[in-house]
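Look at the two complexes coming up: chain A is in both, with chain B in one and chain C in the other.
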Partner chain A sequence: MASQYVFPAAVAARIFLCFTSLPEYLKYDQQLSTPLTSHLRLQEGIFLYKHDIDPYAGGTLRHSPLFLSLFTTLLPTSRLPCSVLWTLCDFAAAYSLVRIWRARQRVSSSSRDSLIASLYLLNPYLALPSLALSTATFDNLSVLLALMFASEGRTSLALLVTATATQLSIPSALIVLPVMLLLLTDPVSHLAVPRIFPVKLSRAIPLATEYLAYSVALMLACTTLVGSWRWIPETWGASIMLPDLTPNPGLWWYFFTEMFDHFRSFFLMVFSIHLVIYIMPVCIKFQHDPLYAAFILLGVLGTFKAYLSLADPGLFLSMFAIFPEVHPYLRHPIVTALLHLHAAPLLPLFHHLWLSEGTGNANFYYASTLVLGLANGAGLLDAVWAGLRTAIGDVEPKYEVVQE
Partner chain B sequence: MLSSLFSRCWALLLLSLALWTTSTTAEGETPEKQAADFFGRHESTSGHTNNWAVLVCASRYWFNYRHMANALGMYRTVKRLGVPDSHIILMLADDAACNPRNPFPGSVFASSSRSLDLYGSHVEVDYRGTDVTVENFLRLLTGRVSPDMPRSKRLLSDDKSNVFVYMTGHGGNEFLKFQDSEEISAFDIADAFEQMWQKRRYNELFFMIDTCQANTMYTKFYSPNILATGSSQIEENSYSYENDADIGVSVIDSYTHFVLEYMERINKTSQTSLQDFFNAYNPHTIRSHPGVRSDLFQRPLSDTLLTDFFGGVAHAEIFDSSSSNIDFELDEEFASKWQAVYDDACNAETSSDGGDAENSSERVAQSSIRKIGEKLDLSPGKWKEARKWASVASLGALIAWAASRW
Partner chain C sequence: MTPCAFRLTKCLLALGLFSLASTSASASSGPGQGHAAPIQARETFDESLTLRPLPDGRVSAAFEFKTVVRGARPREPGSLGRAREEGDVSQHYALFPLELGQILRAHAVAELHLGLRAGKWDYDAWGAPGAWTTADPSPEPHAGVGAGAAGAATGAELYAWMGDAGGGEGEGGVSIDDRWTGLRSALAGLFCASLESLDERRTCAPADAFPPSGTLPPLASQYRPRSNASGSSIGAGGGGYYELRHALQPAEHVCTENLTPFVRLLPCKAAAGLGRLLNPQKLFGADWHGLGVHVRWVAPGGGGGEGGVELVLAAQGVFDPVRLSGSYRSRDWSFQRLFDRLVEARCPVARSSRVYVELPQDVAYSVVPEPTKVEGAVAMYDLLAENAERVDVSLRYLLEKQFQYPTARPPSLSPLTVRRALHGTSQAHGALAVSVTNNLDTPVRVGYLETLPALVTLWLHTLTVTLDGDARPRNDLLTDLTYQPPLPHGAHTGPSVLQAALAIPPRATLRLSVDMGKAFLRYTEHQPDAMRGWDLPGAVFFPLALDDKSYGAGLASAKNSNETAVATTIGYRIHTPNLLVDLATPDFSMPYNVIILSCTLITLIFGSVFNMLTRRWVLVDMDEGLDVE
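Presenting the complex of A and B:
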């Protein structure tokens, strides 16, 4: 069958792409990397650090100090080794997605493994940021590793990797609760048979304590590197205070370019709380399947994150592969797919038209970000609907399912 | 024999001694005198520092092609001798080059050989078409322009400018016809020049006019430092020089042709005086009697160079620096701090090794950056290497710890 060639072809394609000169051009692209994930800023920060200047003093570096410590000690910084490293991270992320799938299906291997891995490796929303050397690859890897360890029941590693994910990108804190719930239950699909959360919630307290301990330890490691606590407002504070209004495919930047200072703090609070308020309802509604809750919350992140790049909806779309039970109940997958096909070329086109050619203006690009938001929202809503609809199952033709 | 040789040697010795003493006593010149000597070397004492040219062609329509060629030829000459476009005001009807009747579109020639295209590469016309009016011309000269007039269309001369005003067109007894619809009189121009003098808008002014009965146009001037010349006297026409059979009209006027040919023989460093120029006037070849009015002009014409008006040769004003009140405010403390940083870096480098210039300067720069970082409290602090590895090691320890637990 031809399908058995998909995975080797995907691997070969990714290896081939990392040896081309694409990263030279892609690392400037604003769709693939944000001020929080851009490789150029990371290199600037490493340079400043090596020359004894505080890299967080100027506002260029918004990466976590963990990146600084790793890239100034163990990891390479030149272009080709970096491309190889990023490709290996993508392979590791694809592998952890396959492990999540296997844990969910309770098998040690299945025929769909290669398909799932290929869907991760060949997803352009994930492949292009990886080629652009955006650190969103590491963010996605840490999230998937956290979910993998949680699915396999390895408590400490799951909580450590979740703490690392939060350290690298504070909006990833949305998945902390689903990870803890997943550790307390199992990753197996209960979407068709919802039940009340079977375990007493007080058993989550030691998990939360361990998570906080790991977070504090990582914060101390970061502070040791930087020498002060200056990195906190520069890295984590950036997602909350939005100091850098570089255009990105997200929904925040345009809103805040035209925001009067008087209302800025209010709306920053509104937007940040908007992300946080999804945690409890989603986890309550999907308490029978915390992995699906994590999936939904990753979709929320992929739509409403402060500094969005294409890698965030990319993770959400690739994770559709591990929930085949909801596929029959998706109401408009074609609409979602077409919206994404529409938004993805429109974003770089209007970006170019606005900032390179000068024949467009910011409203063009804002419109394309709205289309991407629509695409993400359509996918998210469809996933929520399908996840809940699975519980109802097949319906006799003379009945229909309505929402009260 | 020997005594004459001996006396010759003595004479030579005395002469050299005299020369030597004069040269050494001349060393004590002041800088002002040296600069004045340098700048005054080409012996013009006009005292101007910049040159302006106002070139006006007051005719329009195809059959006045030669007036267009007059003005463009003068424009090219003035530019060649060094006056920049920013100091040339060119007023043309500009309807010859792109005229539908022009068999050589986009070109204006001043001779039937058509060897030089005057409209070719870079012609900046400031007032074109219907903008060439008497009012605009007088406003330009006197400086009474509306605030929205762009700088390129203003005569921004000052009291040290030598202004060359050239006019060509159809004229008569004390008048000049503008664009076939209005006329300017000699009185108007004289009053405009007086306003320029009172407003200190020129140092010296050279007025040249090529029309019929041109000399009548300068009879009414009454302001100082004006030198004027015209192509023909009263009751006399100015004639064109030659026709071009393919273009179909006359291409240049006699007087202007003579002037341009004369100017082709000089360049920016020329010492040709205006007296030489006026002496070269030949009424026979020009076919009219050109005139000169120099009673208002205070310098002798033999001391006045052609490049004083036609070229862009500049002098410099020397003033004593101690009398100027330009005061540079310097943040002394900041400057000394930076100086100290740089000195430290340089001393560190020179004391460590005598490496080659490139590397040492780069190392100086790097150590300066480091010290600047320290002084501005930007440095990550001491033990950077240890802290770096400590953070990586703690991360590894955390991973090992978590992996060991279940």
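Presenting the complex of A and C:
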């Protein structure tokens, strides 16, 4: 079978790419890494840190102090070892996705494993940021690890990794509630047979306490490392206050570039609350399948995150692979796919026309981010629709299934 | 000229307000301390004009108007918060401009340097800015400001040394930053310059590059000492300390409205003496022109005699007589040709009034009228001794019909040749490249300073130093690196300050390259005519104090390593020209459209998701109608 060669081929291709000079061309690319995930800024922060200059003083470094400590001690900073490390992280993330799939299916291995792994590894939205050494790769890995441990019922590890994911990137806090619900129930698909949440919610209190304890411990560790609380406004605060208006494929940057000064704080509040407002409704509606709720919320993040890079929608799209039961019911899969096919070449093209060639202006790139936003939104709507529609099942051709 | 005129009106308004304030201030000043010496004897005024032919046919004309208030001292900063009667001495000046004196005393400024300059100073062809090519402050009395203080930074440059007695605001003192703000506003009003834009986004304290050119008076010691770890201040005994504030607005357009208040500060204005030659039509038509205000304190004893507060008003222009002569293409010059004016009468209050002319070498020339004295290659006219009227000094090259521009580049008059450029075509990132050539036969050790506004961020980890086109990095030649990252937004904004010491082997070229990111600004943060780009201030190369310890192995492997070459430093600051950085601009007409389009997309997705989450599912029988599931 051809499928058994896909995985080794993916491995070979990914390893080969990281030894080419491709990363040199991608490191400045603003679709692949944002100010919060750029490897360039991380290296600058490490340089400043090593020269006894507070890296959080000047808006240069917006990475978590965890990255700073790891890369100044254990992990390499030069290009080639970094490329290898990032590729290894991608493999670990792909493996976690496979483990989540196995836990959902309650099997120890399946024929679909290599397909799922290669859908993660060969997803260009994920492979390119990884080649550009964007730390979004680590963010995605920590999210998938958290979901994996939660699916396998390893409470403390899951909560610890979730706390780490939140520490690395504060918007990941959206999946904290689904992870806890997942720990209380099981990852098995209940989409076809919805049920009331089977466990008393009071049992989540110790989980929440444990999560908070890990988070506080990590916060204190970071503060000790840096020596002050200054990292909080620079890292977490950046996702809320949007101090750096560097273009990215998301919806925030141009909105707040063009925002009237006296409305800025109001709309910052609206945009931040808008992200959080999805958590409860999605978790209530998908209380029978918290893993699916986490998937939907990752789709929300991949559309509306403050500093969006292509790795965020990439994670959401690759996760479609572990929910084959919804595939027949996707609402407009062709439209979504075409929108993505449309947005993917437009983004780098218009970015280049605006910033390098000077033949286009900012509106060109803004328009292509709108197309990507539409594509991500359509994917999200597909997922929500299909997740709910699965419960109806197949109907006779003379019936049409609609919402009232 | 419309913006010029508009600024002029604004400045006139400011001046009007200011003169109102100053009238009330002088009216309310108490009896004060009596003056032991008669005013005339206490203050002296010397003026000089130095004309220097340059190898490229141009002529540098440097005016210096020096007023000294002997025995005076800058105000004690500790007295700032106190009531007026005990706060400060009353101010009575005969020659020193009162409006400047009031500003200096109101903010207790110990040393002040203001430069309003335009054009690119060509160090290689013209040597050091200021009156003389030699960098050393000449013992001659006319050398009021050394070339070091003269500077040639393009735009409006202001720096001041201010003392803090260590008391802080709690004890009645006014903080240095508050006084800096006040000083900027007051000088902006006085000189009609946009010094208000020299705010905290451009202000820094590179004390090594801009040391005091005079002496900083010791401060009274009634306050508790303050521990001071930063290198940007100089202790002044008794717990007080001095701090520098420096800011440069590279985009300042120097114009007539700056010269008019400048001339007003002269005792004889433009009516008599050398000030007569300050013709705005000609000065601002020069290839390079600069106005400078330099105030410093000279300590009693030593070379300064009795000491006192010294004010030097300096004006310099680099004129091109070849261009002014039209089709004659002659580099002969005269007052009439350069300034379109003559010295009509002598300034009666001047102690000395002299014109120095550097005479050309190896060429036949005639200089009229006959100089009072010729010393070496310098002719001197004493306008007071001659009691001359309608003086028109002129210099003619006798055997030269047309000036031939030198075909070969003459040897550089500057110890260093500096080039600085921005590389890269992207509006998102670029690279700053600096090349420094040592023109001397000895190794040179020099300080390097970049003060860049937060529009650009240097990625310091990409800093590489190479020597003479050799690809191997030689980062060991760059030492003592200090860096202050830029602070873009929020409560604390400030420029990035990069300072380092460079060691350059003899006759070698050092190349520095560092990548940088360009900022994306909010649409309200862009200046008018945003597509033009932003001016970045030039880099500064400044003399370093040489000690053998810090000058170490940097040059061990340099060319002449077998010779024990003694390192030198440069004698004056070298400013590179400004750079223009191209920042990405949003579409300024789009705010409403963007708000509408983005909000539509967000509400579309939000609405659809919540629709799906809340509505019931139904089966529709396509033949009959609704059938609820």
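Things worth noting here:
Note that in this section the second predicted complex is superposed on the first by the 404 of 404 C-alpha atoms of A that agree within 3 Å, B and C clash if a C-alpha of one lies under 4 Å from a C-alpha of the other, contacts with A are read in each partner's own complex, and residues count from 1 in each chain.
As a convention for this text, contacts are C-beta pairs under 8 Å (C-beta built on N, C-alpha and C of every residue); 3 or more make two chains touch, one makes a residue touch a chain.
Quantities reported herein were computed from a predicted structural model and do not represent experimental measurements.
Partners chain B and chain C, brought together by superposition on chain A, clash.
Counted by residues of chain A touched, the larger count belongs to C, out of chain B and chain C. By the touch criterion defined above, A:Phe304 reaches chain C but does not reach chain B.
When the shared chain is aligned, chain B comes close enough to touch A:Leu160, but chain C does not. Once chain A of one complex is fitted onto chain A of the other, the partner contacts of A:Leu74 are limited to chain B, with no touch recorded for chain C. Contacts of A:Val193 after superposition: neither chain B nor chain C is touched. Touch criterion not met for A:Leu338: it reaches neither chain B nor chain C.
Of the two partner chains, chain B is the only one that A:Leu218 touches; chain C does not reach it.
Applying the stated contact rule after C-alpha superposition, one finds that A:Leu201 touches neither chain B nor chain C.
Once the two complexes are overlaid on the shared chain, A:Asp261 sits against chain C while remaining clear of chain B. By the touch criterion defined above, A:His51 reaches both chain B and chain C.
Superposing the two complexes on chain A places one region of chain B into the space of chain C, and among 293-301, 311-319 or 383-391 that region is 311-319.
Common to the chain B and chain C contact sets on chain A are residues 51, 53, 57.
Taken in their complex, chain C has these residues touching chain A: 425-429, 454, 457, 459-461, 481, 483-490, 496, 515, 517, 520-524, 584-587, 590-591, 594-595, 597-598, 601-602, 604-606, 608-623, 627-629. By the touch criterion stated above, chain B contacts chain A in their complex at residues 366, 369-370, 373-374, 378-381, 384, 387-392, 394-395, 398-399, 401-403, 405-406.
Chain A contributes residues 49, 51-54, 57, 65-66, 69-70, 72-74, 153-157, 159-160, 214, 217-218, 220-222, 224-227 to its touches with chain B in the complex. Put simply, chain A touches chain C in their complex at residues 28, 30, 40, 43-44, 46-48, 51, 53, 57-60, 243-247, 251, 253-261, 274, 278, 281-282, 285, 303-304, 354-356, 358, 361-363, 366, 370, 373-374, 377, 380-381, 384-385, 388-389, 391-392, 395, 398-404.
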